[in-house]
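Just passing along the structure, written as structure tokens.
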Amino acid sequence: MLQTTFNGIVTGVIMTLPALAVTLLFGVLKFPNFAVGAMMTIAAYMAFALNAQLGWPLLPAAAAASVAMGVLCIGIDHVTFKPLRERGGITLMVASLGLGFILENIARFAYGNSARSFAIELARPFRFADVRMNQEQMITIAVSTAAMIAMWLLLTRSPMGRAMRAVADNPSLALVRGIESPRVIRWAWFIAGVLLAAGGVLIGMDRALEPPMGSNYLISVFAAAILGGLGSPLGAFVGALVIGVVSELSTLVAPPNYRIGVPLCAIAVILIFRPQGLFGQPYIRK
Amino acid sequence: MSNPLRPPAAILSATGLHAGYGAGDIIKGVDAELGTGRIVTIIGPNGSGKSTLIKTLAGLLPARQGEIELEGRRLNDLSAPKRVRAGIAYVPQEYNVFRNLTVLENLKIAREFMGAGRSRERVLDDEVAGLFPELAAHHRTQAGNLSGGQRQMLAFACALTVRPKVLMLDEPSAGLSPKHMSDVFDKVQRVNAIGVSILLVEQNAREALRISHTCIVLAGGRVRAVAPANEVLGMKDLNSLYLGDATLH
Amino acid sequence: MTSYLVLLGIVVCFSAILALALNFQWGLGGMVNFGLTGFYALGAYASALLMLKAGANSFFAVVAAIAVVAAVCAVVAFVTLRVTEEDYFAIVTLGVGEMLRLVALNEDWLTRGALGLTGIPRPFGDVIAPEYYQYFLLALAVVLLAATLWFLGAVARSPFGRLVRAVREDDVVAATLGKNVLWIRVRIFAIGGGIIGLAGSMHGFYYQYIDPTQFSNIVLAYGFMAVIAGGRGAHRGAILGAAAVMVLLEGSRFLKDLVPALDSDQLAAIRIIIIGVGLIALLIWRPQGFLREYRLKVSP
């Protein structure tokens, strides 16, 4: 059980970054972006190209892929979501669905369906207090924690972070306080892209690289963001851990294939009874 | 009766303004002027278009027809953030603070994106603090946890953190107790005294008119009358004004 | 060639029925059903299982599929009565659809999991000679499509339909009716669900073989594309839209001949990319966006 809990924590930690991206994008853009799974996939494959094919060590490959993804996301927004900005949540959700298809299948087109792995040295797993851990998991925890702290600092200490929170809180008031929304939106996409890329690389390290790798996490990531409260970064962190741990623990009592039932039920229960999640604010759609 | 002295130049003017939300226009051909250094109050019944007018001036609503000018410069094509930086500050009637941010963060944001450091004077922290002493103790409180009166004050303070040329307030006294109300109007006068021209939209007409120079009467989306505030104050029945029956100069 | 067109026609018909259901739930009821795929699968599996395992005839199987999906949709709508935000409702239905698909994949004892169900009988399959059967199936599909069109139009024009519209447009009416308003949502969603079940069972008749891979989110994309491509004009729209989408789908099959260098995985990927691009392009360039309302005077 301790092992399962630990595995759950690792899963939760991996999900923190994409959950943060989801909550950031929802706050600034006001719609749930279903393409985040595929975005993680594409970024992971970009890192793969640099790492396994061009021979870069994983860290610089991941860093380069993160920046590239950030920029790519700004471009994607400009082409896909900007023309639809005025049209409302459903239209944007459907567009993000289509975008997810496109991105995932670009990966499939380029790399086929078989699983790939990053070129990293295999290190022996070690035991700590009766729990088996490996180096990748330690790296995952370290990277995610660092990213969390960086995000927190960004959102609370920097003007752009404040601006993003302001836009999430009240978009029209933000306008009359001099905040230009296109700039804020660009930054939100860049940061989301970086977070999603990091998440994708961590998933690739934890499991393997294959086209559905990101979409497999989509439901869980959304459950994490919704549980924590859409728009609340702290919520994304807490939500991801809770969903991760509970999902893993559920395999002890239910068939493993239904692991996804946990986030699905969480989504339904929260949206029915407490849509703002744990830490979110009820959003007033004006 | 015409004023023998030349009237002060208008710092903000709207000419033939039309705007609305859906199919029809809510304001239909509005001409309005705010004299430099003046306090002008717009009064009118519910639904007369007062808020719509202010929102259009602020840039939250596009002007379908007509011109808006600030110190002679045409504003129609400027987005709301650009208008704010050009010197028009706006305090909406509701949802006028960022509830999820602290008081201090609200004040910071109000300054950070104003492109200050160009030709605009910055209001010193002291001046704003001096005008709004009640906010000092609450810097770390979330704006959503403030009382209604305190939120109004915060909204007001945010609009002033970089000294605007024009301050537009949409029903600043709405929902406030009489004590808070007179506090608000007192502050409006003090802000005016440091050189900010003020455009006020108000339901509590008499209170606002007492501190104003000029009154604009808006009804049914049109300007019914423009007159010195004390003249309007002297009238017993404001309703006839709304209907355009009374004659004023 | 004729044979190919006939088969295409059948697919267009039940795709159009699916699009009509989506449009009905969304346009009239304001409920966007992102779980469309899962309910569609439910209809297909219910119908197939009843015929294969319980020996039911096709008519009974269709009716049962309609009833099953309608009932499940009613339950979903009831449980989510409090979720009035469009976006949140869509997410919940997405989750439900995923759950249904998961059950189809994992409950081997019932659905044979990934292996799927084969040998699904067709209506009157024994009676009509094989060389004429496809024409019969096409005729049947057209009849069912027409019936669906008529039925949904009738509901929209009925006092019930007017009530639904009144409630959605006027908060005062909604407030006066109170609790009853919520039941309206349930009924609309259930009616739409029944139609989805019908389309699902037709899917089974056409392919005679169903497995979970047929029910991916691509189906959802097709549904939306048909609804968007159709634009205004509830009826003609969905049919035109479904036809356009199917042409796109079928047309991309010919890619294989054009570019022999690509393997099947890559071709499959390109087809899905085309679908995604098509979906986004329709959203951007179809200014009417989604059809939002059934008008009383619906153009035929």
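The chains carry the letters A, B and C, assigned in the order they are written, with residues numbered from 1 in each.
Methods note: contacts are C-beta pairs under 8 Å (C-beta built on N, C-alpha and C of every residue); 3 or more make two chains touch, one makes a residue touch a chain.
Note that the coordinates shown come from a computational prediction; the quantities given were computed from them, not determined experimentally.
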Graph distance between chain B and chain C, where chains that touch are linked: 2
Distance-maximising chain from chain C - centres being C-alpha averages: B
Winner on C-beta contact pairs when A-C is weighed against A-B: A-C
Chain nearest the overall Cα centroid: A
Approximate Å spacing (C-alpha centroids) for the pair chain B, chain C: 53
Whole-Å separation of chain centres (CA-atom averages), chain A against chain C: 31
Distance between the centres, which are taken as Cα means, of chain B and chain A, whole angstrom: 43
Per-residue overlap in chain A, given as positions that touch at least 2 other chains: none
Residue numbers of chain C (touch at least two other chains): none
Residues of chain A defined as touching chain B within the complex: 159, 162-163, 165-166, 168-170, 172-180, 281, 284, 286
Complex contacts: residues of chain C adjacent to chain A: 26, 32, 34, 79-80, 82-83, 85-92, 95-96, 98-99, 102, 105-106, 217-218, 220-221, 224, 263, 265-266, 268-270, 272-273, 275-280, 283-284, 289-290
Complex contacts: residues of chain B adjacent to chain A: 58-60, 79-82, 84-85, 89-90, 92, 95-101, 105, 108-110, 112-115, 144, 158
Interface residues, chain A side, partner chain C - complex: 31-32, 80, 83-84, 87-91, 93-95, 97-102, 104-106, 108-109, 112-113, 219, 222, 226, 255, 257-258, 260-261, 263-264, 267-268, 271-273, 275, 285
